[in-house]
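Structures follow.
Two complexes, one shared chain (subunit A), two partners (subunit B, subunit C).
Showing the complex of A and B:
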């Protein structure tokens, strides 16, 4: 059996049951539903404040028609955020490092924005394929390029998310693999690499948050074009 | 639910181990955990931290067959 650095990304299974099922449903336990009490608890208050902040940020550039998408976009944002952050805990598995999961998230939502645009305002959606002020001889080539960039959007969304998270996790694993033997042979160098590891962990925490935000932001931009 | 150690045998015989019974037991356990640690006016980090620690332990247990081979590796 090959033990390589990429083994942390293989989906673990015990007795045939994959851990991915639990990894994807566990974030729901961290968001408590409202209890039948007048006074809310600290956790709910903090979470509600954060949910309101995120929803306002995402929905303010959209027209009123786009606000119908508020629930799905906010829930997607929190889903990705929690999954990414939970993946930074020791021994846990991050489902969003798998390209398949990201495709399942990106493709239907992107297709929904595209079909909404083609259904409600077909000419406006087609105008987006041609930037203003293009010289006439270049129009055919530019339309092909813009069509390709439109069709490649779900692939870009999924690869961006998986690649950023995978790269961060791999870097952390590599540097920690280097730090451990160095701590016995060259302690001073291992202190430097420990500092690097600490900074990388902070970066990866930020990256987890940013990637979730970028995913949903881009979807909202695609929506705004088409709604 | 306070059960004395001597009464454990008679208490277990009164529990229902059907799927509905087990589901109800899980729901009761989760509800009592939430009521004690989360739905509290001045909750601390303990409620969520215990959940996260339990999740880490569960992931470790799930991966154990793979992780135990790290012990015998010469080069990691």
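Showing the complex of A and C:
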């Protein structure tokens, strides 16, 4: 059967065994286990430094009550970062292009932030549905709009991540498909290969997508829990 | 679009949460830092300056 450009995103399976299991557990192999030595090797030191940096960045806007989210947010950041970076290698499958994974990660976490806010300070979290200083006739419409924007947050989180990665991978595939047959004509190929390289560096904003993901999650937690 | 194929969705969702909570989180938990981030102390520490011995 002819391959279309979207077939790189179909969940791979070999002889009936879904290979997405391997592609999701493989990033864990890249995280070395912590040693009990005082001074560890370079990779562990760098990793520790990175974990501390991420945790401090994520937790400093929050009060102490929000610090119990440190583990889940840091490990989520690592998970998504490694998966996305590994997907940039040729012939690798990126699990986060699947809408199912992003839904599985986004929806429960968003719901957790919402329920935390509703449980601990129910009136304050409901007040967020109405911005301050709105004129009275506009109040019903604004409440509807704010509720919609609140409820659409998990879908936005999920679609943002998968759409950005899918679009990036597709673009790389398209441009490389254009570059190869044009290698007989020289000026076009030099321009196209430059474009391809430029696109690859832009595609390393895939890691910026992680930042966007975790920060948006953090933002919703921040608003719900503390104000 | 093959991502819209609902066939492996439940499997993928369960596997993603299992790897996230069972594999990644314990690995990140074992990272004990020598200086864990802590809240600032209320008192400012007063340090007396010392001269480096140039021998």
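Note that the second predicted complex is superposed on the first by the 179 of 227 C-alpha atoms of A that agree within 3 Å, B and C clash if a C-alpha of one lies under 4 Å from a C-alpha of the other, contacts with A are read in each partner's own complex, and residues count from 1 in each chain.
Convention: contacts are C-beta pairs under 8 Å (C-beta built on N, C-alpha and C of every residue); 3 or more make two chains touch, one makes a residue touch a chain.
Just so we're clear, the structure is a prediction, and the values are computed from it rather than from any experiment.
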**Prompt:** Looking at the overlay, what does A:42 touch: subunit B (first), subunit C (second), both, or neither?
**Reply:** first
**Message:** One more residue to check, A:22. First (subunit B), second (subunit C), both or neither?
**Reply:** first
**Asked** Of the partners subunit B and subunit C, which touch A:7 in the superposed model: first, second, both, neither?
**Response** both
**Asked** Is subunit A touched at more residues by subunit B or by subunit C?
**Response** C
**Asked** Of the partners subunit B and subunit C, which touch A:79 in the superposed model: first, second, both, neither?
**Response** second
**Message:** Under the stated touch criterion, which partner chain does A:52 make contact with: subunit B (first), subunit C (second), both, or neither?
**Reply:** second
**On subunit A, positions contacted by subunit B and by subunit C** = 7
**Prompt:** Which residues, counting only subunit B, touch subunit A once they are in their complex?
**Reply:** 34, 38-43, 47-48, 51-52, 55-56, 58-63, 65-67, 69-70, 73, 76
**Request:** Using the touch definition up top, name the residues of subunit A that touch subunit C in the complex.
**Result:** 6-7, 9-11, 18, 20-21, 24-25, 27-28, 31, 33-34, 38, 47-48, 51-52, 55-56, 59, 64, 71-72, 74-76, 78-79, 95, 97-101, 103-105, 162, 166
**Message:** Give the list of subunit A residues in touch with subunit B in this complex.
**Reply:** 1, 3, 7, 12-14, 19, 22-23, 26, 29-30, 32, 35, 37, 39, 41-43, 86, 89-93, 177, 180
**Asked** For the complex, which residues does subunit C have touching subunit A?
**Response** 1-5, 8-9, 11-17, 19-20, 23-25, 27-34, 37, 39
